[in-house]
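Right, one structure below, let's go through it.
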């Protein structure tokens, strides 16, 4: 059965308007300071039309392209997690009252976000964080209250970035659920249009208000072909065969010394990673000591404080910390959440200041094995 | 409580006074601090001078003369908690650049009667002479961090001062990495956080004003900078600035000194 | 937990008594404000995150009798800033509390078995609720061994209780100190040496161990010699904890979250990680 | 006490587990049954170490006089354990005082007699060395753990 719709590119903004009408705060890719980031927008015209990005280990450059495409670039330095799992957030305030105190949790209004331009790998990252922040026993309130309101417009990838390897991680380049609407952008002799696939009731309903037609089979196939070509042009690949076994059996490998000599322990990889979820809390007081607050902020297993306890540190060496990150991401994550912690978005490769490449690291580790 | 306010004293050694000024610069907050503590000694701000002992001694500047050595020991003795502030106090400061040269040559050139000059041959951090309870980094320090440290010590809690890299600050702030996106050489990955990532926020590479971060891999960064086209001399200069004499930066600059 | 409340937000708990157990270890008797006539219920081995106003939180195991529902107690070693702040509190003061979190000791599954409890230092605190539970249904267990080591005789926790417990039939309480003075007539040496004074029927024994990781490692060697099957051995792990509920990532030990999957683990789940560095 | 009784008692002590009959007999020829009451000293630091003891019941504490710190008990030895190895290693002097903290029943062995037998029967000597090495290794392990001050923090 064919539910695919054809949305002409000049009607893309109607989608934006419908979402705004439904009181969503629109977040979409825009150009800021020489890179594409996800920020609040008002219209489709703010999208980085005609721009693409070139990503390699430790380099990211924007390039003008004369195709007028809305989505011919890959993932941004920042992932959607910053909206669902804010980098810094106040958990509660406390007022001292004599020998007792009163705790007030935050009741700031939480916006309903519409994420526009979510890539398939990023959809999978959100799915992974859904599992992380609802671990069966406990649910993270901060995440949940934001997540449950989100409307997702996914965009299938019609070009592969230099550091992409979603095919290896089975997370792209085509979205397989987890979205409200998925778009595939097509520019050819027939024009500039999107194949739009509703993925939820919310999505179907929204599309009803938007001028579009049922997509013809040939148009659907054109879109399919673009995505398939993308799959064949992945910038990188990661061999996931027996990956858990490889990592668990390599805890004492000399390889870790090698990577530790290159790793800066700067934490960039974890902060750009769309699935990394570690956080810490900070308690603060005003100078009188009568008002206190607790804040939560992103943390990273690369910081020294991460595994510090009174009287010692469980992971003092950079070798131990890199091993924790890689082993967690690719192996123990599977035990914890039934899925790899890596979606192949390539951010950790692009944004590592010295270009440490997770796909190469796995190869090196295999060679040592 | 009014008469039991903790006594705070601020002292200065070889430095530009910039760090002390950060405290004065914190106008609104300073009033709250002044209300909560008894400023017993702070020549930059007040003529009042109360005798020690002090609950908190705040020290700026590096130790450069034999007289300084005696004085800092005296200050340590008078201060229950000793907090040192700024790159001069924590690493010897910019004046530690002289540590690579012959001090006699300098004094002969600069002073008409060098025989009156009594100086140590190096500019040294405070911790080389006395035990220090807390080191606040920066050239200059961040005034909010100083307020946080004083606040934390007054409330007997842990100061929320992180020793991770400047990169973490950039990321928390939402900056795009200028090294990756613009190819700008940046010391952020090996530099102690605290400034709020000022330079990268303005598309400038980090100068390392806050000194080495908790586990700096300076040689890996240098290697990368070299591959990006920096010369060995550039790299030596990059590490040999405000925190030149901080151990890891010192070693790295020495490695690139030809 | 007091239900339907954000597990990241503490509830107030009022201090009813402070007992100094040793020079640097004290017990807080707390009355948590559960609201709506709820009782605070926990399993032996679980912990709470205790919040000192404005200072921060510390994960502390519950050391009281699980059948006493109005008050709970925490025995705390004064070490860091938070525990130091907690140590300054008095009767009538309030702290914040989140919990109970984590897994408990296999008190139910150990029924019909010999139970060998091995504790080092403050490690006796999370095992005390086990002893209370066993004493309440004494007949359901076979022999009980409690092997307990501390740095010096002055560092022994719950001395009066230890003496009491030792008076029950078929409860063997063996205590040792790392060093003693001439007034100490008890054992001197590490806790593992106490094994040479008992006869364990390995196969019928459930062992519960809590103490520093190194002590647990050596204890495991002893238990192995007695043929206690690994799945009948339980240990309690320590890691840095911030959230207590498996969300912040800090306490990971291999694939396990110590706060949520532990702190009490059956040995087979963690044994392969114990001899690895920096896991 | 008859040799036969002593042999039976001896065989209940873990120290002689799996010892051949011949070696057992060699040991028995040097054994005496002893008792010490609480508060007495079995030996003192610096004295000639010419014996070792297999403790059957009670408890002995090894003490060091630590000047102004007073007496520190560093190890206790109880049932099933071995007291004393200095008889085997030159210069054959005790390093500690051995104070009885709980009435002791023990078997004691004449060290000089055994040393001679070890010299003449190297198989027996090796057997003794193996067993005492174990005692030493356990002591060393325990001492290291005590040094770590593992319960401290």
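Which chain is which? They are A, B, C and D, in the order written, and residues in each are numbered from 1.
The working rule: a contact is a pair of C-beta atoms (placed from the backbone, for glycine too) under 8 Å apart; a residue touches a chain by one contact, two chains touch by 3 or more.
Nothing here was measured: the structure is a model prediction, and the numbers come from that model.
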How many links in the shortest chain of touching chains run from chain B to chain D?
-> 2
Selected pair, greater C-beta contact count between B-C and C-D | C-D
Approximate Å spacing (C-alpha centroids) for the pair chain A, chain B = 37
Distance between the centres, which are taken as Cα means, of chain C and chain B, whole angstrom = 44
Chain centre separation in whole Å, for chain D relative to chain A (CA means) | 67
For chain B, residues contacting two or more additional chains | 155, 157-158
Going through chain D residue by residue, note those that touch at least 2 other chains and give them in order.
-> 153
Contacts with two or more other chains, residues of chain C listed in rising order = 54-56, 79
Touch list for chain B against partner chain A, complex | 29, 32-33, 35-36, 147-148, 150-152, 154-155, 157-158, 160, 162-165, 167-168, 171-172, 174, 176-177, 179-183, 186, 188-190, 203, 213-217, 219-221, 223-224
Mind listing the chain A positions that touch chain B in their complex?
-> 32-35, 37, 58-61, 77-78, 82, 87-88, 261-268, 271-272, 282-289, 297-298, 300, 302-305, 318, 350-351, 353-355
In their complex, what parts of chain D are in touch with chain C?
-> 14, 59, 61-63, 70-76, 78-81, 99, 101-102, 138, 141-142, 145-146, 148-153
Could you please specify the touching residues of chain B with respect to chain C in the complex?
-> 155-158
Chain C - residues contacting chain A, complex = 6-12, 14, 53-57, 79-80, 83, 92-94, 96, 238-240, 242-243, 245-250, 252, 254-255, 257, 260, 276-279
